[in-house]
Amino acid sequence: MIMGAYFKDLFGGFWSLIVGLAITIKYFFQPVVTLQYPHESLKMTPRFRGHIDLVADPGTGEPLCIVCGMCQRSCPSGCISLKGEKPEGAKKKVLTAYTLDFTRCSLCGLCVESCNFGAIDFSKEYNLAGPSREAYVFDLLKRLKDRRSNADADA
Amino acid sequence: MNASTEVYRLIAFLVGLIAFAALNAAYLVWLERKVCGHIQRRIGPKEVGPYGLLQPIADGIKLMTKQVMLPPQVDPVLFRIAPALVLIPAVMSFVVIPFSENLVAREINVGLLMVFAFASVNVLGLLVGGWGSANKYAVISAARCVSQNVAYEIPMLITVITMVMITGTMNLNEIVMQQPDITRWYVFRFTASPLAPVAFIIFFICSLAETNRAPFDLGEAESELIAGFHTEYSGMGFGLFFMGEYANIVIGTSLATILFLGGWQSPVPFIPGGWWWFLAKVYFLIFCVMWIRWTYPRTTLWGLLNLSWKILIPISLLNLLLTGGMLKLMPLAGGAG
Amino acid sequence: MEELVARLEEIAASVSRADYDAKGYHLDVTVAPDDVEKAALVLDEAGYTLEAITGVDWLGEAARKAEAEAKAAYAAAKKAAEEAGEEPPEMEPVDTSGLKDEMEIVYDYTSYSHLFRVMVRCRVDRDNPELPSIHQVFPGADWHEKETHDFFGIVFTGNPDLSPFLLPEDADYHPLRKDFSA
Amino acid sequence: MSELALSPNQETFVLNLGPQHPATHGVLRVKLVMDGEYIVSAEPVLGYIHRMHEKMGENRTWAQFMPNTGRLDYLGALSYNHGYVKAVERAAGIEVPERAEYIRVITVELNRIASHLLWFGAFVLDLGGFTPLLYAFDDREMILDLLESVTGARLTFCYFRFGGVYNDIDDDFVTGTREFIKRLRKRLPDYHNLVTKNIIMIKRLKDVGVISAEMCRKYGATGPVARGSGIDYDVRRSEPYSVYPEFDFDIPVYHEGDSMARYMVRMDEIEQSMRIVEQALDRLPDGPVKAEKVPKIIKPAPGDYYSVVEAARGTFGVRLVSDGTNTPYRLKLRSPTFSNLSLFGEAARGMLLADALALMGSLDLVIPEIDR
C-alpha cells in the first residue's frame, strides 16, 4: 500500500508538472495583453475622477461658480481655497481665485457632489508629474482661461 | 602539432570561451526576459535597440560602472574571491566541451570527470560568498546551497556512471561520435538501458538543482532570503555571480546534449552535423530550463531533499543495475561496452 | 443564550437587551473594571470569540451631565415658582470641579455559531485608567489591549508588554484622548 | 520538528524580516528568533504605516470620512465603504433603495474577486512562482476597468453614499460584467491546473501551518482564515445584511486548517462571488440608486452603534459613538487582518522559515488595514 501511494505520488506529481508546462506554453504562443504605455494609452472612462476643474458657462465662457464655498467646506482634506468679490452693481459674486492643493487631494469627489451649480467637474488628466510640490498647487481659474484660449486658437 | 601553436591555440580558445561565456550570459538574460515575458503575455525588453537586443549591453555597462560596495562587516578576502570562484570553474569546464568535431579547446580523455570536478568547486564559491557576506540571509542561503548541491550530486553522478558504463569512455567527443543519428541518441537507446529517457530526466532535474535554477532556487529564494548569497553584492560582484549562474546552465545543458542528445551530431543523416546542431540543442534545453522556471513555484529544502533521496537516487540506482545487467546480457554493438 | 445572560447577570452591574436592528448588538453588559476577566471567562466557556477591544474617552461628560441636570432642576424650579406666582430664583452656577472624568472600555464579543452579539463595557477613572488584562483568556486580546493602551493610555495590568505598538517607539502621547491634538 | 527547534540551550539568532522584505507585502516587520531555519519565536512589529484614521474620523463630518475607508484596505475598498455606510445608515436610520443595494452587492463582490485574484497571484509569488501573478493581474485588470467605468476610480473607489451609491450603473457595465464572468470561468481551470494541482504547491501547502478552530476563536480570526479551519462563519450568511439573503450561494468551508485549506477557501469564494454577481445582474430591479430623504447634514441620535460586513479578508466592523453632532464622537474600525495576524506568532513557532512565509501569505495580509 505504501509503495502504491509512493508511485501514485510520483506519477501523479510528474503529470501535474507536465500539465503546468502545457499551460504556460499555451500562453506563450498567445498574443500579449499589455499596452505599450508611453507609445499608446487608453482613453479614460467618462466617469474617471481626475482632479477637479472649473466648468465654464457655455454662453459667456465665464466660470459658473458663484463662490458659495460649499466645495471648500465639504472637502475632507481642506485642499480647496477660493476667493470672490462682488463688483459694483453686480448681483452675484465673481470668482477671483480658485486654487486646488493637489498634494492633499484624495480624489474623493465630495466637492463635485456638494456643488449645486455644476460649476466644478473632474478633469480627465492622469499624466501628472512635476518637479516640485508647488507644481501641484493648481490655479483652476488660470487653467480655465488657458483652456478657453486654446479652444479659441483651435477655432 | 608543436608546443607553441598548441599554446596559442589554447589562448585563443580561452579568450573565445570567456567571451562566449560573457556574451552568452548577457544574451541569455535577454532571452530569459523575453521568454518569461511571452509566457506571461507581455513583451519583455523592447526599448533599447530592435527587440530590446541592446538591453544586455546597457545592463553590462551599468553593472560595470556601478560601485562595488564592500559592506563594513564582511570578510574582505572571502567576499572578493567568491564571485571569481563561481565564474572561473564554469569557464574552465568549457575547455573540454566539444562544440563540434574539431571545435574543442582541449580534448582530454577524462573530460567528463573534469567537468564534474569543476562543477563541485562552484558550490564552494556560493558558500564562501554567503559566509563572507556576514548577512544572516546570505548565511542561510549558503547552507541551503551546500546541502542542495551535495544531495543532487549523488543521483547526477550515478546517472553519469551509468552513461560511462554504456559509452565506455569519458572523452566527450567520443561519446558524441557514438550517437550519429537520432535513433542512436542515448536518450532513446533502450537496448543499452531500458530507463534511458528516465535517466535523461534525472540528469536534467539534477542539473537544474546543481545550477540553483527554479524550482530549486532555494539559495536565491527572493521571497524568503531577499537574494540569498548575493544579497550584499553590487555592481560587477553581482554580475560575476550572474555570469557564473548562466555559464553553469550552459555547462549543464551541454552535458545533457552530449550525453543524451548526440552533441553536435545531426539527428538525421542527410543534414551535416556541426556546431550549429550543438548550439541548437543546447539552446532548446535552455529554453526548457526557462520555461520550467516561469511555470513552477519553489520547492522547500525538505521537498528538495525528499525528491533527491526518495525518488531520484533510488531510480538512478535502479537504472544503474538494469543497465549493468543489460550490458552483461547483450553487449552494445555501436558502443564500446 | 438565556443561560449566558443569567451567568452574565451574576457578574455584571447591569445587563440590558438592545435592539439589534437599531444598534447592531443584542446584549449590553456593564461590568466593574475588576470583573472584565470574569465576564471574558463566561463568554469563553460559552464559545464566544473576542472581536475587538476599544476605548471611548468621556472627557467633560460628567460636567456636561451635571450641568444638564442642574439646568433641568432649575427649569423645574422656575416652572414651579411661576405657577405659584413667585419670583423665579436665580440659577446657581454649577460646580463641576470635583467631578471625575471617566474612560470607557468596550469589548465586542460574538459567536461563530449563532447571531448574538455581546458588548461588555466598563468605566475607569480617566486620571488613573487601569483594569486587568484578559489576554490569559483570549490571547487575541493582547494586541487589542496594546492598541487601546496606545490610543488612550489605558493600562491593562497583566499584559506582558504595553510599549508603543502602532505608534512610534518613543511615543508618550495618546492620540485618541479628547484633549490631544496634533 | 518543533521539539528540535524548541529544545533549550540552543544557539539562536534574531532575523529581522522586514520592514522592507519581499514576502511581507508592505511595511510589516517580523522579528524572528531562529534556530537554523526553524523559527523559535515570531513577533510581528506593526505600525510602520499607522495613520490614525480613527482620530481623523473624529475631526471630520460623517460624509467626509468616506474616502478614508477605502484607504484602509486598498484591495477591497468597496467592502470597507460598505461597512462604513452601513454603520452610519443604521445609526441615522437611513433606508436604502433596492437597486442601490443590488449595485452595492455587485460591486462589492467584483471587488472581492479582484482582491482574491491578487491574493492568489501574490501568494504564489511568495512561494516562488511568478507567472500566475501576471495571469491573475490580467483578470483583475478587467474588474478594475469595469469598476472604474462606474465609480471613476480604480482602487480607492469611494463609491457608496449614505442611502445609496454615487451614480447608477449602465448597460455597458452589465454586459461587460457578464462577459468578464464568462472569461473568468474559462480561466479558473487553468489556474487550478497550473497552481492548485501542482505537486510542488501541494507538498508545500498540505499539512503546513495548521491553525485549529479553537485557535481561531481565541484570537478572533475571521474570514477565509477561520473558514479554512472548519468554522462556518461568514457575516453574509450568519448576520445577513444588504440583499445577500436573496441570493443562493455557498460558504466554502474546509476543515484541514492548513495553508492549502485557506487557499482553497479563497479560490472557491471567487466562484461563489461570481454566482452572486450573476444572480444580482439577473434580478437587478429598476428604481432610484439613492434614497431621496437623506439629509445633507447627518446627525445620528446619541448612542453607540456597531455594524459588521464580510470584507475579502474577514469581518470588518465599525463601532460608532455619536453625540448627536455632525461629527463622530468616536469611530472604531475593527479590521480583520489585525486579528488574523495576531495568531501568527503562535502558529509559526517551530516552523521552517519557508513554511512560515507560506503561512503568512495564506493569511492574506494588507498592512494599511492592520496599522490603520
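By written order: A, B, C and D. Residues from 1 in each chain.
Just so it is clear, a residue touches a chain if its C-beta (ideal position, glycine included) is under 8 Å from a C-beta of that chain, and two chains touch if they have at least 3 such contacts.
Here the structure is a predicted model, which means the values were calculated and not measured.
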### Query
Comparing B-D against A-B, which pair counts more contacting C-beta pairs?
B-D
### Task
Using mean Cα positions, find the chain sitting nearest the overall protein centre.
D
### Summary
The chain whose C-alpha centroid lies farthest from that of chain C is chain B
### Task
Provide the C-alpha centroid distance between chain B and chain C, rounded to the nearest whole angstrom.
68
### Query
Could you state the distance in Å from the CA-based centre of chain A to that of chain B?
50
### Query
CA centre of chain B versus CA centre of chain D: separation in Å?
44
### Computed distance of Cα centres, chain D from chain C, in Å
29
### Message
Quick check: what residues of chain B touch more than one other chain, meaning two or more?
### Response
39-42, 294-296
### Query
Considering chain D alone, which of its residues make contact with at least two other chains?
131, 135, 138, 194, 198, 200
## Note on the structure
So chain C residues touching two or more other chains come to none
### Query
Looking at which chains touch, is this a line, ring, star, complete or other?
other
### Query
What chain-chain pairs meet the touch criterion?
A-B, A-D, B-D, C-D
### Complex contact set, residues of chain D against chain A
60, 63-68, 71, 131, 135, 138, 145, 148-153, 156, 158, 166-167, 190, 193-194, 197-200, 202
### Query
Quick one: in the complex, what on chain D touches chain C?
46-47, 50, 52, 54-55, 58, 87, 90, 93, 216-222, 226, 231-233, 238-239, 303-308, 315, 317, 319, 321, 329-330, 332, 334, 338-339, 342-343, 346, 371-372
### Task
Going by the contact rule at the top, pick out the chain B residues touching chain A in the complex.
35, 37-43, 46, 291-292, 294-296, 310-311
### Query
For chain B, which residues count as touching chain D in their complex?
36, 39-42, 136-137, 140, 143-144, 214-215, 217-218, 221-224, 226, 294-303
### Message
If we count contacts the way the header does, which residues on chain A are in touch with chain B in the complex?
### Response
6, 10, 17, 20-21, 23-25, 27-28, 30-34, 36
